[in-house]
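Supplied in structure tokens, the structure appears directly below.
Labels A, B and C are assigned to the chains in the order they are written; within every chain, residues are numbered from 1.
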Amino acid sequence: MKRALEAVLLIAALLLTGSGGGGREIESCLFVIALAVDPAPDGSLTVTVKALSGTQEAAAPQSGEDAPAQEAGQSAPSAGQTETVEPGYVTLSATADSCLSALNLLSATTPRSVDLSQLREIVLSETLARTDATLTILRQIDALYEANAGAIVVVTPDDAGDFIRRQYAMFGVRLSQYLEVLFDHFAQLGTIPANAKLSAVISAMESSTADAAAVYAAGNAFDATLLLGDASPTDRLPGHLPRTSPAKNEYLGSAVFSGARMVGTLTGDETAILRMISGQALNTSISMGEAIYQISVHTRTRRTLDWVGGVPVLGASVSIRMALSAGTQQQTAAELARQLESDAQQLLRKLQAMGSDLIGYGRLAVRRCADIPAWEASGWETAYRTANVRTTARVRIQ
Amino acid sequence: MRMGEDAITLTDDLEINLRCLRERLCMPDNQDVLLRRFRSGAFESALLAIDGMCDTREIDENILKPCMDLPRDAGADVPGGERVAYLMENAVSILPMQMKERFDDLIADALSGQCVLLCEGSAAACVMDTRGFDKRGVGRPEAERVVLGPHESFTESIRTNITLLRRIVQRETLITEFVSVGGAMKTRCALLYLRGTADEAMLARIRQRLCAIDYDFPLTTGEIGQFIEEHPGSLIPQTVHTERPDRAASFLAEGQVIVLTDGSPAALGAPSTIWHQLHTPDDTSMRWQYGTFLRLIRLLGIAVHVLLPGIYLALLRFHPELFSPMLLTSVYESGSRVPIPVYLEALLMTLAFDLIGEAGLRAPGSMGNALGIVSGLILGQSAVSADIVSPLLLIVVAASGLGGFCVPNYALSIGLRIVQLIVLTAGAAGGLYLIALVLLALLCSLCRMQSIGSPLTAPVTPPRRANPDILLRLPLRRQKARAFFAKHDS
Amino acid sequence: MPNTTPESVVAARIRAAYRVRACAAAVCTGAAVFALGTGAGMAICLNAAWLAAAAALPACALLTLLAHRALTSSRPARLRNALLAALMLLLAVFALAALVSLAKQTMLPHATISYIARTSFLMAALCCAFGGAGVSRLMFALRFVLVLGLAALCALSLRGESASGLFPLLGPGAQQVALAALCMLAGAAPVLLLALPPAELAEIDEATRLGATPGPGFFLWRVLLGGAIGVLLLAALSLGGPYERIAQETSWGQRMLLARASGPRAGGTQTALLILQAAALLLCAAQTMLAGAQALSAALPRLQPFALPVALALCAGLLTALVYTGLETALRAAPLLSLPAAAAGALCLGRRKSP
């Protein structure tokens, strides 16, 4: 009986497990490296993707086949155009009511299944980011299982589709590799937020204890030397860097969110301070005065939340060791510490004004509450905006 | 007693005995049979042997000549039943001898190369070991090569093999039991064990299984192993074969039983565990650090052999997110040019690799060497150039094949090749999920298997006493216990 | 000098078999606690599911003592065995439902539910057909891999996350936590497979087996460890994100994802975690199916040659029904398993016959 049972099960396994598993040949997938979302004039969304083409030949340019339809103001979803891009990649766009519909439309018209497992970058138009639609869009992207939860969320004041069209890999590397190296490089510089990955941004947006920050980026179409003034090179927003970079896009600073909506921006230097206060400034550099300092690995930060007379006090304590890496040191360690305290206080005030808890003081506040109803009734959002701020800094220069 | 083909034992009458033997041995048609009557002192005697199987010079010098040189009245007053013994004491100078009475035994012994001496008036005959057939000398092992350690291997002669073992295990408790195995044509087997070390219950099981073999002609150790194993449908062998006397001796020391088969240059060790099939003598001969390192390399090779093609296919079809971007681009571009589905491609490449391996084994010497170059360079390169296969898949299959060469046990390597195909199919059908489930099912099957009543995966599971010599080979100084299947107080 | 009489060898074998069995019970308990926690617990009390799951630990301890009592009793107990059979088969179906949900949401999103269900069931059934000794021994061999592997991978993937995901500690409130704790009591049900002696000891006479059976402490710490690991995994899930994120995950399988991969190739970590989870659930399903068949043949001796096929057929039927009605049905029904578990546990009490 046992042998018979084994034989029956083996035969059944052979016959019944062969098909239905949903496997796909790799060439039937469209691997998206960069994805951009823009608002369309009629209230729908235009999704532009840059994907692997599967060949080293450049895609042939096509005229806009659906341009007459768009000019007529039709709101029907439309498939997009392909353009001449670097060899190995193709840029496609589609317009539909939602991000998911647009991706499905791309799958249907390509015809390949859109696969977001190699996604490196999600670029949102700032117009869109300043609405509540951001979270819905990001959730839809994240809900596709294969979506790479480590893709970086970027907000741009330009047209997001144009932003990724301008993007190309330099020095012969693949675009996906180039983007990874690029984001690592800027993370090392400390001028982009540390937790701008898709999963972290969604978590923060959904959470009532912290807020999200995305990378802020823009095209660098001209040399903005005339607009510089005396500000430090990184104490500004992208698109205004004081040199002409071979790359057409610049990544600098943070797009600050409060809940699901973008409420402001931080410059590169402000982002560096933010990282320092959040304890994410390991091995980064910071510009103070006319000097650039490299922060050592022994940075210690402490965030505290105290309640004095029922009023919260947001505390940030930073103790860092820095080494001068460029420029001339014109301040002593004590002066630098005072400047750091002042910069940190200004940043916290700015974030309070925007109503964005990027540092995550809410995570400390929630520990006072036993359960969720108590937390939701605690009025933390209001308390945060009116909280006092106390910053201390200790600097040692090597 | 009626004489004829159904006679069972010898009679007093030499003529009747000889007539019976002539009938049984199909004389005069069978011209290999030597049957010689002669006068030995006061009575008649006869010698039976098979031409080519016996050493005729030894027979002439140590049996015939001395017997025929006896005086004519020698043994006149010896009773008929003691005449054979008289000749053995006074004339014959051959050492190994046995007295037997049954025709079946005498004929079987004669056919194996021994010589039978019959005397008038005696209802018993003397069987003397005068084997002198041509046999292969002791050579080097073909399938179990080592760097350090002895380089002798078993031969087809059971006597030589026993001698090789006795040279290593010089203990009075090393017992050799001869067993005739089979149905119509019996094969001579020898059961060797260390009394006091091997478990009696296990020994009894092996004896019982050997005696129960009713296959007509179990020629080799491999065939005998198939009859005594518990799970004939399994892909994993439950006994271990070795062509090395040193390895067989280590099995004896652990309490295992060695079965030697006349005509087969391999020994069968039982019971065994899966770990026996993964270890090599080099592991023990070398220092523990080197032995452990080599063992881990070997295990890695086996894992690559079994899992790599299946995992590669699973990643391609179900989990491309696990590829690095550079690798994915390369695979994506090459995959777009290949016209056949990736599963068929992988299957063809794997089977081609197996075909090349088989062809290399069977092709005559010089051709076999060239085959690898031809197949690798021409077929592989051509296939890639023609976009029939993708280069990465070729590398995967080649790496997997190399890993297969790490399996020390040939029988196990064939079983693992089949497992590799199962894993490949599972990866193509259900991705890493189905591979995981199939592996769990295979491991369950492995864990429930037994070898002569001992669990195959012991002492890891179920836990049994063991030396620290399973996955890692720890220092010999720490290895003080006998294997768990040895006698409990050995 | 170790005692090496034949009697001591048999006693050592019996102890080894019980060790393997205890390990199997521990793995099944951990898997059940985790599956119930992600299924019912998180749906009710979000990030406080780990706290509710801790309530299952005293239940595990109690059932272990009761099961040990039944194990050392030679009284026939048909009713208890019949209840055990039903309980074990339902647990098996629950574990399979959890496995199918996990696989559908994570590893095989494009496959049909029916494909995943029949594949999972067939592999579990094959493991059962190979015999109880095989499944238990495999669980024993993989015990370190499962425990340490899950712990190590969790630690790696949660590196850098703050502990704030655990707060508020009581989640939606103490009432919800208490309700979830009641539901989680069913997570202790797999412990009752200890009431059935291991199949590989069937050849040994009962008196010898009873005499060599280890004390309750032998099983207790292992079972509690398994349950504690289930609780810790639920805590790790809570650490992986804020409670709002858990509220958003409406699918059972998605809730079982231990920490989202947060890097381009961190998917390897996540895939390894998923495979370990799937292995634990599959082995739990196979072990409980076998235990159900064993209890069935003890309850109905005439059914003995067909016990396993009947048990497999019942599980297949239930699983097929779940596939069509929705796997979430298993979640709604699972907390009710605490009732037959309590009844079977109560039936374990009674006069113990000495060996």
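The rule is short, and it goes like this: contacts are C-beta pairs under 8 Å (C-beta built on N, C-alpha and C of every residue); 3 or more make two chains touch, one makes a residue touch a chain.
Just so you know, these numbers come straight off a predicted model, no measurement behind them.
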item: Chain separated most widely from subunit C, comparing mean CA positions; value: B
item: Identifier of the chain whose CA centre is least distant from the whole-structure CA centre; value: C
item: Where subunit A and subunit B are represented by their mean Cα positions, the distance between them in whole Å; value: 66
item: Separation of mean Cα positions, subunit C and subunit A [Å, integer]; value: 41
item: Whole-Å separation of chain centres (CA-atom averages), subunit B against subunit C; value: 44
item: For subunit B, residues contacting two or more additional chains; value: 318, 321, 325, 430-431, 434
item: Per-residue multi-chain contacts in subunit C, two or more chains; value: 108, 111, 115, 119, 123, 126, 130-131, 264, 267
item: Where subunit A touches two or more other chains, by residue; value: 6, 17, 19, 21-24, 117-118, 120, 146, 148, 180
item: For the subunit C and subunit A complex, residues of the former touching the latter; value: 46, 105-106, 108-112, 114-115, 118-119, 122-123, 125-126, 129-131, 162, 164, 167-174, 241-245, 248, 260-264, 266-267, 305-306, 308-309, 312
item: In the complex with subunit C, residue positions of subunit A that touch it; value: 1-2, 5-6, 9-10, 12-13, 16-17, 19-24, 117-118, 120, 139, 145-146, 148-150, 180, 197, 199-200, 202-203, 206-210, 360, 363-364, 366-367, 369-375
item: Contacting residues of subunit B [partner subunit C, same complex]; value: 318-319, 321-322, 324-325, 430-434, 436-438, 440-441, 443-448, 455, 457, 460-464, 488-489
item: In the complex, subunit C residues that touch subunit B; value: 4-6, 8-9, 13, 16-17, 19-20, 103, 107-108, 111, 115-116, 119-120, 123, 126-127, 130-131, 133-135, 137-138, 140-141, 200, 264-265, 267-268, 271, 275, 278-279, 282-283, 286
item: Complex contacts: residues of subunit B adjacent to subunit A; value: 233, 316-318, 320-321, 325-326, 328-329, 331-333, 335-336, 341-342, 426, 428-431, 434
